[in-house]
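Shared between the two complexes below is chain A, which has chain B as its partner in the first and chain C in the second.
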Partner chain A sequence: MRFYRRREQVLSVLLVLPSVLALFAFVYGFIGWTGYVSLSNWNRLVPDYTFVGWTNYQRLLQNPRFLITLRNLGVFTGLFVGGSVVLGFLLAVLLDRRVRAEGFFRTVYLYPLALSFIVTGVVWRWLLNPGSPQMGSTGINRLLELMGLGFLKSGWYTDPRVGIIAVAVAAIWQMSGYVMAMYLAGLRGIPEELREAARVDGASELQIYRYVVLPLLRPITFGALIVLGHISLKIYDLVVAMTGTGPGFSCDVPAYFMWETTFRANRFGQGAGIAVILLLIVSLLIVPYLRLSLRREVEV
Partner chain B sequence: MRAGRLLLYLVLLAFAVYYLLPVYVLLVTSFKSFAEVNLYRMWSPPRSLSLESFRRALFGGMGYHGLAPNLKNSFLMVLPATLLSAFLGSLNGYVFARWRFRGANTLFTLALFGMFIPYQSVLIPLVQTMRALGLYGTIPGLILTHVIYGIPITTLIFRNYYATVPKELVEAARIDGAGLLGVYRRIMLPLSLPGFAVVLIWQFTSIWNDFLFAVTLAQNPAVQPITVALNNLAGSYIVEWNVQMAGALLAALPTLLVYIFLGRYFMRGLLAGSLKG
Partner chain C sequence: MKRKGIGLLVGLVAVGLLGLAQAGVPLVLDSPSALDAVALKALGDKAFAPAIMRATNSKALVDATYYRISRLDEVIPAGAKVFIPEKTWAQAFLAVWDPNRVEDLFGGGKLVVGSWWTAGGEAEGLEALFDLYRQRYADVVIVNATVAGGAGFVFKAVLKPRLIAGDPPDTFQLHAGLEVEGYSPEVYLRPLDDLYAIYGWDKVFPPDLLQLMLYKGHYWGVPVNIHRSNVLWYSKEIFARYNLKPPANWEEFFQICEFLKGKGIVPITLANAGGWEAPHLFETILASTLTPEEYRGLWTGETPWTHPGVTRALEVLKKILDYVNADYSAHTWDTVLEYIAAGRGAMNVMGDWAMGWFMAKGVDVGWAPVPGTKGVFVALSDTFAFPKRAPNPINVIGWLEVCGSKAGQIAFNMRKGSIPARTDITPEEKAQFNPYLQSCMEDWARDAIVPSVMHGAAAPESWVVDFKDAINLFLVTKDVAGTQAALVAAARAALGK
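So, the complex of A and B:
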């Protein structure tokens, strides 16, 4: 019996070993490799692993474009995560009120999630195409004119003051349904008795949400912030398809800057530096989350 | 109260319009002929249905290539990659669900980190490695990449799924003399069809929609998946709006159909992908 036990353990290790090794090589090995490139002099097409210390990082921190991308990333993340959570929560609360044709509305709110950011970007680039004074307004601007809301017209991504906000509008459109689905699942998990009890105690509907529902949904909010947060910090495809860098780099983000620096300008060392900084930013969000869920699992 | 209900439905409908607006534009524009594409009339329906834009989006027009070969590339990449990563995920999930040795959870958490990283942080070594393996700029190279970076999510979904299989079932099979693989083949695999549905749909959607790996590893137009080709098509100034919209619709169609017909499994994958345990 013990012999079989041992043999099975060896077998199970052998079963997962190839994929675990491949994954760790492609994740941790490659991250280390990228880290090394970021400290090297490889800033042309041919690899050059001469060690140059922090030079690439020093140059990056002096590069105005890099600083703009960091600021844009902050603005984008705030708008996109905040907007999606608020809108998603609102939709979930509305849908939770025993709505007829709930399935229809849910499907409509959620389908953008099945699309690629490239498709979203291509479509929203057209929708937010402001038109020109000679040709007149197009897209959303034209729609606003038709509805008599012309004062809301904007240059969208062609206006450096709006820029990244236009990208956030498209991103919220794509991801808010996802938050709605998470909250809706959470709301369905709250026993009706709890709300009923609060009602008996004389709480208003608003108070019930504030003091009963929202605290119970905290894990969902937390999960949504993690998921949206890491998508937001890595945002790339949408920018590529919708705007590119935008006027004065107003739509530029670190992930986009990294790709251009590395694979268009062949400045691999600099590109690796951006990638490492991006990884650190994402890790600030993800590592505490993973540690928390690991601890929770060990306790169980 | 009735007025309140009416207001509720009006608000819900208003949001439905907001989410459907881009699809409306996509549809009305792609069914217009070039002569009818007029920025002023962007929001008006086409006077007659024209399939010209789809023909051009698929087979090309003056000075640009169509997307038909890229659609084929996408399928050639997505189908094997999806099947392989579901199979690997199921094996890994099975082993991780029963492992109880010290550090198994740490190992698993370290593996999960791989699904959150910005892939920018592995792109340079990935290109170098693919070149060394002779897989750079090939569809098998893309398949390998997607399978490896799909390991964390597929393993996670299957592990959580297998953890719910009752112990008694496994023990009964053991008493009947089934070993590690016997339990997997006779108990776990038949039970895990819904798990496979979730994982296959999840991987199909994310691999189909991937842009970053595709644009980095497939610079050669002959092997480019649809997302890259669509981006090139839409980025070209000579391509008319109606053709761009038709192209976007073609690129979106496979995942949209999956979502519409298999939405239930799609949802489960979503929730599994976002909430651990």
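So, the complex of A and C:
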């Protein structure tokens, strides 16, 4: 019996060993190596691992473009995550009201998720292309003009005051359907009796959402925040396809800056530094989530 | 054994075939001979035996009448047809061939050519070079490894990890000048001094260009063309309608701008979706507010970036921004030319690859040097480099030979819309080019040549990025002093002083 159990243990260790090894080598190994490179003097094509301490980080923090990308990332994350969650929730609530042809609308709202950010970027680059007085308006500006709302026209991503906000609009368009699907599943999981009970207690519909539905949907909100948050912090392809760095870097993001620093300017050390800073920002988001979900598992 | 010598039974003379097939002559042996002896007799040195073996085997792959040589010490039977390559190729072969690589003696294989030439005329030009190459080396399969993206900024990023990993293409496009610094050529590229001497390139390319090509005392690429960056394109129709003359200096330029603005026309069109178009404009302004010596000195440290000419250039750019199309950051260099094609925009500053676009669209466009740069030619040149670890090094010889040859340069440049780098182009050959290119050739021969920044000639790439970033920020901040300080800092970082 004991022999059998030991064999089973050995077997289970052997089974997970390859994936654990691969994980350590290709994830944690490379993270460690990136950290090491970020402290090295590798700022030419030929690797140079001379230790230079925090020099690369100091240079980055003095670079106005890097600071702009960090600010853009903050604005983008706030708008994109907030916008997608709010819009996704509203869509889910509306669909939950047993509308006719619900399946059709569900598909329509969910569809953008099936596109890659590159496609979204190209489409929105055209939609938000402002055109000009001389060549005529295009895209959404043209639409506004036709509707007699010409005063609402904007330079969109060609206006440095809008910049990254235009990119966030495209990202919200793509991801809010996904959030809607998550919320819809959650809403369907809330038994009608609970709402009924609240109604009997004299709660208004708004109060029902505030005190019954939303608290019950908290795990879903949390999951959505995590999923959207890490997409947002890694954002690169959408920016590349849609705007590039934009006027005065108003659409630039750290991942794009990292790419250019590393593979264009050959500053591999500084590029690795940007990667490490991005990792730290992402872990600010992920670590509380991991702690929370671990605790929950222990409780279960 | 008495050898009667090797008779040139089928000695087709190479001269008539030049440009059609690998230069050289087929030779049918009249008695059994060792390869060494054939080499001694035909090319004057036994050492050329491997070159003959390779050239013959290359032919045998596509033409069954050739004998296939399987070993260097093989005695080749009488009646066998071998191929005697031209001496220059044989010398180049010996210079490049690593005797440990026996596989290189058997011909065939690939030639992976890396470039960012994917659009219109440039792709056609590249194809013309491929055609010439295929005619000479029919045994080689050409792999056209292009990555799209203006000024090559995507291609270069794809290439670099491959160079570090030891898996480069056989040859790749490289701007002449300090761009090569970004590839650490002493580690990853093969110096081409020996091929320059063998093919006599150091005599057919102009001294200014050769000077530009030298990095750490060596040549690293073979130039195929010359482009000019400081061209002011203008709509002939608009200029004729209002009886305007192309501006010779910035005062005239701004007068025209003010006038055209009043007419509802975009005076000067600008693109910046790629982030390099506005800095490109700025480099041509620098060439106007500084003398050619001062401009060159910016990149060597002899001219300080605090120079008043730099301040003036920034002020000119700032003023230009009052007259550009508002949607410039949504346009790439080519899409913005639609303004001129549609008669809604009057002028544009772009390199002379724009001519190909105008011709394709049938736009009758005029050209002049950027105001204040008459007699100055801001130049860039595309070259092809030879990675040390090219998988098919022997196939690269023929490629560089085609790139550097007169036939190659004429065929390529007529399609690409640039001018040949070689100086020995005859007036008849010149007459085949379009009027713009003919005028460009005259300027190239006459003007002071200064290197382009945004196209890799003047500065290493890390500096180009800092320069580009400073100008991109300037477009929004319009802060002359702050931007000049950033440019000073970029120069200090790059020059280490």
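Methods note: the second predicted complex is superposed on the first by the 299 of 300 C-alpha atoms of A that agree within 3 Å, B and C clash if a C-alpha of one lies under 4 Å from a C-alpha of the other, contacts with A are read in each partner's own complex, and residues count from 1 in each chain.
As a convention for this text, a residue touches a chain if its C-beta (ideal position, glycine included) is under 8 Å from a C-beta of that chain, and two chains touch if they have at least 3 such contacts.
On a predicted model such as this, the values are computed, not experimentally measured, just so you know.
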Touched partner set for A:Gly148, first chain B, second chain C, both or neither: neither
First (chain B), second (chain C), both or neither touched by A:Met135: both
Which superposed partner A:Pro64 touches (first chain B, second chain C, both, neither): second
Partner chain in contact with A:Thr107 - chain B first, chain C second, else both or neither: first
First, second, both or neither for A:Phe249, with chain B first and chain C second: second
Which superposed partner A:Asn266 touches (first chain B, second chain C, both, neither): second
Which superposed partner A:Pro215 touches (first chain B, second chain C, both, neither): neither
Which superposed partner A:Gly202 touches (first chain B, second chain C, both, neither): neither
Touched partner set for A:Leu45, first chain B, second chain C, both or neither: second
Shared contact residues on chain A - chain B and chain C: 47, 125, 131, 135, 259, 263
Chain B-touching residues of chain A, taken from the complex the two chains share: 4, 8, 11-12, 15-16, 19-20, 22-24, 26-31, 33-34, 37, 47, 91, 94-95, 97, 99, 104-105, 107-127, 131, 135-136, 138-139, 142-143, 146, 173, 177-178, 181-182, 185, 219, 223-224, 226-227, 230, 233-234, 236-237, 240-241, 255, 258-259, 262-263, 268, 271-272, 274-276, 278-279, 282, 286-287, 290-291, 293-294, 296-298
Chain A-touching residues of chain C, taken from the complex the two chains share: 153, 156-157, 160-161, 163-164, 182-184, 187-188, 264-266, 272-275, 325-330, 338-339, 342, 344-345, 461-462, 465-466, 469, 472-473, 475-477, 486
Sites on chain A touched by chain C in the complex: 43-47, 64-65, 125, 129-135, 155, 157-158, 160, 243-250, 259-261, 263-267
Complex contacts: residues of chain B adjacent to chain A: 8-9, 11-12, 15-16, 18-22, 25-26, 29, 39-40, 42-43, 88, 91-92, 95-96, 98-99, 105-107, 109-114, 116-126, 128-129, 148-149, 151-152, 155, 179-181, 205, 208-212, 215-216, 227, 230-231, 234, 241, 244-245, 247-248, 251-252, 255-256, 258-260, 263, 266-267, 270-271, 273-277
